[in-house]
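There are two complexes below, and they share chain A, which is joined by chain B in the first and by chain C in the second.
Take a look at the complex of A and B:
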């Protein structure tokens, strides 16, 4: 629950609305991530070649399958806004929770900035095709402002819109696949045998490509942010998250197959909108239009989901006083965390206009990666503090602790990949999290009400 | 034993505003730091014996060349993209520092979190009596 000031001036407790179902959870998760298929994943081709990107797609797919399995169990049991932040608060402790909350805010706000840039860049590219010059900046601001308004007005409409535009973006990939392979009729236009090459940098390149391989799936764990607003967390979260993961594994494999069969790998490795470029190469105007709309919708759906998730994480931290309490308010009419939504908008716009897109993307990826590292030991501790049977779980993931161990190992490999490509950025981002942790201990923790950090109706944790 | 409830101070609006700004300032600083320190993506230097900008010299077969052209690139325009290469050099000292920083970060966060978690649990459930487990 959050606080808001009523007309009479006294403080009331108002909670977020419980209106969402599994379809909305799917739309939130896939909506945030699918843009990674439309742009971003292909930088892994530059790092390790086309085959390197395919290996990265599957290896990182395994990492995210572990994330989805672990997340489904913990979130269906700790059903509250803030997702992993709230989990950390109940299972590890306040400083870890503060860090996890910041991972979420940074990963989503920076991804939102990159999404808005894609909208602007795509419009600029299409205008250039027709000989016109276009300044993309007003479109970037307009996109973020419109989505913020949508989020401000209510979560149900926000995620219903996301479902429609995400479903279109998924269908656009399927249409392109059926058209280019000849399954829908005609001859295949894919030329894998002439376009695919050996690994250009050997296996070290494959390792390096893991960093951008995360773009195939980055953000699927955001489904947890809806935990406090779903009608049944035990059903909706696992169903929406695992369904989303399956959709993404299929979409990622199809995307790789289409793009590498049409585009030389050196071009693909630096393309801004690879699926749209693939549609252009088919020579079909209809496909070009469908993929243009698909790319726009994917970027808009992602930015929309990112606003939803980053604001929930910021709201939850503020509600608990980990961040200034003023941001922990719920709108009296729309029941949304409106102050958190509005506060993060100019920040996302400023990230988009820094001209440091590389840095912004690396910050987003690394924040996500730190969050996945947390998940690997969080689930082990969760099972140890409350063994199976001691509390009611919405879902129990199989093969524990194998997913946690695999997740930890793959996170280690991805840190190494980030070191290979962006070693200095990695260190500066780690310096940020270290400094901000010290700041929390010294400055913010004194404002935190200790006992109120534990709100679940569980018994005392074992060993404490 | 009676429970001790910690009562935090109330933070004024200005203090809240300053705290939000501090986090933002740190974020921007860490975004700019790699530029100030002079290192972002690991690209290798351009080769001294740069190939002549022809499709053959750039090892692009007929299909590749045709796709480049459909995308609006002739051999000369494609050359900077094709010749751009990454350098994956591993320096033991910088890898060691990176591993140490990540490990130290998690060690610090987990250690302090554990101390804070005990405060939370003791306030929520009362002090340990020794008969809990």
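Take a look at the complex of A and C:
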């Protein structure tokens, strides 16, 4: 190796750094998701009315609770970067793993692009208030470049920053809730008795709203990408994920309660930034500023978490040669998957420069939904091949197989809801994944070192 | 040049510096360390 050996010193192998705790896991999961509370969820109001959106909030909340429970059990056992990709590799097989890995990379990179677009649009709106016309593109690029740089320099600082800005965004929702309800003093400004109506489009509207109900929670499953970098995966992942899910259920319900009490459903269903709009309607400048910063921080935290997760998924696939092995490198100083982080920058910028926010988000949601569908049968197979007691689990989720069945049924209902509004996108993305699967089987799989990819010290599966 | 135009140029400039820094660092790492070492991470290793 020449200079390599000398530079590398005595250390012959390198790995990602194990420095994270439950708080970082929480910051990763909630950070990715919380932007959905600040914008996007309200499109479910346009489909199903205010009550329809509340039903979607709780039904999809149930879907994600199942996701979090299942994910916590499997990840506490398969503690490696790559999350669901690694799970699929060990439990189902290579083709499923390739698809799941790609779902993750696509879902997070597209969500990152959408978050950066939001930051650019918010700054454009601020400039417009001062009578100036701002080009959002340099700020979209700056958001992606700065967050990629942060991720490049180390996971601990990245997720510590995410914790601070995510906590602020959560607190902003709480401040708005206490201010508008009058709990903090003064009279309540909420007018639910005047603004809430029956279901405007009946139960089919409620079904259609399920697609946008995913915005409340989309990305919480990303916590398991941190599995290889937490000090104790068996403790941190379940604690951070389930704590994150509880935070989101509360934040989602509060968001719905505040917004439907201030904005008529016809307007709420079309608002770009509903929580910020709700703050403006209170007439309080302080609340307006807090919620603007909250919206900005939520978008930045989401993009930050997405870079973390997409790079880990790409890194893991490359390490197993599902993608070119070159991307599986770890930075010797910062101990991050630096080539994967760098490679995904132009991809995210390209998605962002299309400017097609709704299409980018729809493709992200559909990629996520395909991943959740995989989880429902993955856990059934996991329990069948390695029953309780056969391997050590950091967490065992209760009532198996009820969460798996509920998850599968709710995914089916959400596919139908998506088909109602975005049938072409659904069919396009299915076609895309079928085509890349053929490419993987024909061209890529021969490069995979099949024996090396199974790394868990588990006994032979039951029945084999 | 007004304030907002200056902000746009500043955003482009900082972005170029950040991405440039990462590219230079990645190049430095690749020339200083061997590929076998950089690619030595294994899933499940402690």
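Throughout what follows, the second predicted complex is superposed on the first by the 451 of 464 C-alpha atoms of A that agree within 3 Å, B and C clash if a C-alpha of one lies under 4 Å from a C-alpha of the other, contacts with A are read in each partner's own complex, and residues count from 1 in each chain.
The criterion applied here is as follows: a contact is a pair of C-beta atoms (placed from the backbone, for glycine too) under 8 Å apart; a residue touches a chain by one contact, two chains touch by 3 or more.
Since this is a predicted model, take the numbers as computed values, not measurements.
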item	value
Touching partner for A:270 - first (chain B), second (chain C), both, neither	first
Partner chain in contact with A:390 - chain B first, chain C second, else both or neither	neither
Touched partner set for A:420, first chain B, second chain C, both or neither	first
Touching partner for A:325 - first (chain B), second (chain C), both, neither	both
Touching partner for A:146 - first (chain B), second (chain C), both, neither	second
Touching partner for A:188 - first (chain B), second (chain C), both, neither	neither
Partner touching more residues of chain A, whether chain B or chain C	B
Which of chain B and chain C A:347 touches, first, second, both or neither	first
Set of chain A residues, in rising order, touched by both chain B and chain C	325-326, 453
Chain B partner contacts - residues on chain A that touch it in the complex	46-47, 92-97, 99, 102, 106, 191, 194-195, 201, 204-205, 208, 262-264, 266-267, 270, 277, 280-281, 283, 321, 323-327, 343, 347, 351, 354, 356, 358-360, 363, 373, 415, 419-437, 439, 441, 443-451, 453-454, 460-464
Sites on chain A touched by chain C in the complex	1-5, 7-8, 11-16, 79-82, 86, 127, 130, 132-135, 138-139, 141-142, 145-146, 148-149, 152, 228, 316, 319-320, 325-326, 328-333, 338-339, 341-342, 345, 453, 455-457
Complex interface listing, chain B residues touching chain A	3, 5-6, 8-9, 11, 13, 15-17, 19-20, 22-24, 26-35, 37-42, 60-64, 67-68, 70-71, 73, 78, 81-82, 84, 86, 88, 90, 94-95, 97-98, 101-102, 104-106, 108-110, 112-121, 123-125, 128, 132-133
Of all residues in chain C, those that touch chain A in their complex	2-4, 7-9, 11-12, 14-15, 18-19, 21-23, 25-26, 29, 32-46
